[in-house]
């Protein structure tokens, strides 16, 4: 187990280095001239050149990269071109709201998806299953921002029970979470349904029935306990991707998180901020994948890492 | 304790009457079991033999009412005077695992991988004896010892994947026998095991049944296993019982051409090696069952009336019956 | 009426429609999904001929005196947008962009993912490890954010958008193809081919590729829907197709300004987008039941 | 039966699978699936290999064909050491030695018709034209007892027994001299099993085939084999002529194995030796004699020393300290 974790962490580090290299190459080696952006359109060539030297943009790309990574190891993600403040401090003030939002969305997915998964598995191929599955198909196909706008219009504007957006406590969190929950729950529902149907055909479920266990007991003690294992995996990976895709929902609900920060930075071509948020979000994805792989061994007694 | 008294009665533990089982395939029902009758006396071991697809496993599942919808089961399954097919689901649950225990072919997959061994044995006791968790655990350790598992105190806290196939089948037997059932249904219990392990498991089943006066319904395709463990045998072919009788009579004086064919087609462990005499052809599929005697297309003695009419079970001698026109009118 | 002749003549067609009905009943998702896609594609292809107006022309009579866009009417069937353009025409033309980006970026996903997946699965060893780490890397990128940044920097032309989506979105395809290759190579009939003296190349082309085909088709179909959604997301965030070129994501953003009093632009664009994506998801799910029965239970 | 020059000589065949652990997946041990097997086989002879699951009998069969690369040892086929052949030489050699699988479902490609499946070997080795290949397919089907009209059907249209006939036909296509049969009747019903066994008997006679018949079922092995080798945990336990082995089994394991087989005769009274415990893991085999943990006659020496393979009676070898 120990060796397995170390190996997985090693892989994760390789992936992170890969991400940093690719992101760096694509973002820094671009036609846009950051020095010109910082200096403004009316600056003289001398000023622009001076800025370029100050930022180290005249160095070869690999040296710039090593410098960036060196700083990164000291917790320094550079300075925003536009606001001239440290990228780290900008990101850290946005991390809380994004974590809150992601958590809200994630919980809502589970709250909607898991009961529906159990329900459709128990009533597979009946009319209710077909109807719910059809709705799930539509749920997956909905653009999250569009649904968000519809819900905002309905419950923020027409019937004013929720705020029209903004960052805040639970009250502000409900509508975006429901929105994301509706579009994402279907994945959980389908996954749980299909694994439950799989498990229901297993020999050990027949054994449980042969012991005289009630249908309820069979479902909750025997089927669900096994069927949840892949769902847990998926949930872990999902929270990573959720963090990374949070920009649409933040924009729609005017939620002041990392997605918004990155979005504004992209508009300003503020490359250090873009780089910082992309890297950090990628770290989260990799981290959650890693956690899932490790937790898996505890959830499923059959897994032995050797 | 009253069970012990009952089992001294002459009454049968189980009586299956005119059992019919139909499966739905592509919107159509096909009969997998066609009017099966048999009985098991207290303490008796009945072997139900036949090749794959003959309906023997389905029959055993229908006794426990474990067949899934859409399946039609009709006839009577009378256990200790009650027709199991008429019980409510709740009443049936009181029978399963309590009065009738069951073990299956695949010990590797028949135990729940995420629960500890102790919990899986204890569940039966919890459900039917209302035992507390700690008492159930103690009882589970006792059961593990009874089925010959070494280090029972440790094994009780292990997971199934840590055990070998033979050990898992012992655990399955512990689960099935935990509530001291009067009938044990064993569906190909040793097919997935190696010979030396098979010998251990059969021995264990015989010994436990003897100790508790349990009747056994043994479903198998292996005639050797039947000869060594059963008192009586029913041979099934294509959804029907074609011959039944005591083990001695079936093996020493087989009447039905199918039974004879089966016995002749097995290579022997002793004596001179000679060319095998196989049964020609293949087992008919559910979709196109022959009319009349279902064995007729493969039968070397088939007559005109075999193709047109389905023979009844004719009494050959006391308790020995064969579904073949050759035995019409006895011997 | 001579029943005999009728029966003889009728029989073949009856059998055919019977077969069609049976497969329709067994795979309703495939037929319904394909029907939706065909309709949406036809509408998009025929947009220049069937749309009642130019998608970028502004009409004076489309706005009231206070500048409020008119609602659905005989002239503007789905109403007008805030600039006085015809929503129906813009929805029809917008479909061209969405489908084009969805399909072409899927082809990039498909080619890159399949090639890398095959390389990883076939060669194994360190090649496999390398390719899979690259795949992990691509999958770990915050997809939309990174696409947004790239498009913002490179410029939001149609080609940049579809290249970006294509280049960032092949990870899942590569994983599925690799997994399938590894699984198929262990099958017993592959062993049998080896025992007969078949070369690894022959096994690759005769056995592995046909088996990879099914899951790849399924995934490609689903990917079209996902890519359409991604492209629309970019436009919604203002980094996709630039106005006045009509695009559903852009129309949703655009419709936001008039949403409270003239919601038809947002509804129309959104519904068109949802229907199209539903079509691809339906077809993909349906095809999975037919082509890839094992994973149908898993995903 | 057959007396002549040896067709196949296997010497010191071993297959160790590495067990990889740790951060860098280094090899920490080996599963000794096959741990030194020797035998000689004459043309037209059948060698039966029996043992319980995990004894290495299947791995041994596949190592002989180099479908699994052996870790050590020589496989000399008609004077040529197969283990030393290059990949392309090996592919050519496969015309001479073929394999029949246990599972008649998994070993046929469900996408190919029977004709395609049977033509494949000829295509691989560039034999004949399309029409002569088709001719061969039809005659093969006829030979294994299937209607040649079935050539254009797919595997799922056949029963298990019919599929196994197809598998046998595929192995025969290239006119091999040696066929390794890996549990060829284990998945079949009794009545069909005997049909296939008779077919194998006939084919051997007609084509002078040499068989290695790997199985767990002792009565089947006895029926078909001239010689039998009993394996336990990757090692040879005993080898003798078929009749001799059953009349006078020497190794305690062979004796236990024979006594454990249920006999379809209620009057057959025999003394049954019930072995205690399970098979040890081949990853961590016992010291000395691999069988000593379960052997009813184990002595001290059995724990310390591995018994040598010796001929105790003419043509009857055993690895046991009792002899």
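So that you can tell them apart, the chains are marked A, B, C and D in the order they are listed, and the count of residues begins at 1 in each.
Note that in this section a contact is a pair of C-beta atoms (placed from the backbone, for glycine too) under 8 Å apart; a residue touches a chain by one contact, two chains touch by 3 or more.
Labels paired with UniProt names: A, C = ABC transporter permease; D = Dipeptide ABC transporter ATP-binding protein.
The model shown is predicted, which means the values in this text are computed figures rather than measured ones.
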{"item": "Touching chain B and also chain D, the following chains", "value": "A"}
{"item": "Between the pairs A-C and A-B, the one where more C-beta pairs touch", "value": "A-C"}
{"item": "Centre distance in Å when chain A (ABC transporter permease) and chain C (ABC transporter permease) are each reduced to the mean of their C-alpha atoms", "value": "23"}
{"item": "Separation of mean Cα positions, chain D and chain A (ABC transporter permease) [Å, integer]", "value": "54"}
{"item": "Multi-chain contact residues (two or more partners), chain A (ABC transporter permease)", "value": "none"}
{"item": "Of all residues in chain D, the ones touching two or more other chains", "value": "none"}
{"item": "Touching two or more other chains - residue numbers and ranges from chain B", "value": "none"}
{"item": "Pairwise chain contacts, counting only pairs that touch as defined", "value": "A-B, A-C, A-D, B-D, C-D"}
{"item": "In the complex with chain C (ABC transporter permease), residue positions of chain A (ABC transporter permease) that touch it", "value": "11, 14-16, 18-19, 22-23, 26-27, 30-32, 137-138, 140-143, 145-146, 149-150, 153, 157, 190-191, 194-195, 197-198, 230, 240, 243-245, 247-248, 251, 259, 262-263, 266-267, 269, 274, 277-278, 281-282, 285-286, 289"}
{"item": "Interface residues, chain D side, partner chain A (ABC transporter permease) - complex", "value": "21-25"}
{"item": "Residue ranges of chain A (ABC transporter permease) touching chain D (in the complex, touch as defined)", "value": "3, 6-7, 10, 306"}
{"item": "Touching residues on chain D, where the partner in the complex is chain C (ABC transporter permease)", "value": "65, 67, 90-92, 94-95, 98-99, 101, 103, 106-109, 111, 120-121, 124-125, 167, 170, 174"}
{"item": "Of chain B, residues touching chain A (ABC transporter permease) in the complex", "value": "64, 66, 89, 93-98, 101-102, 104, 106, 109-115, 120, 123-124, 127-128, 159, 161, 172, 175-176"}
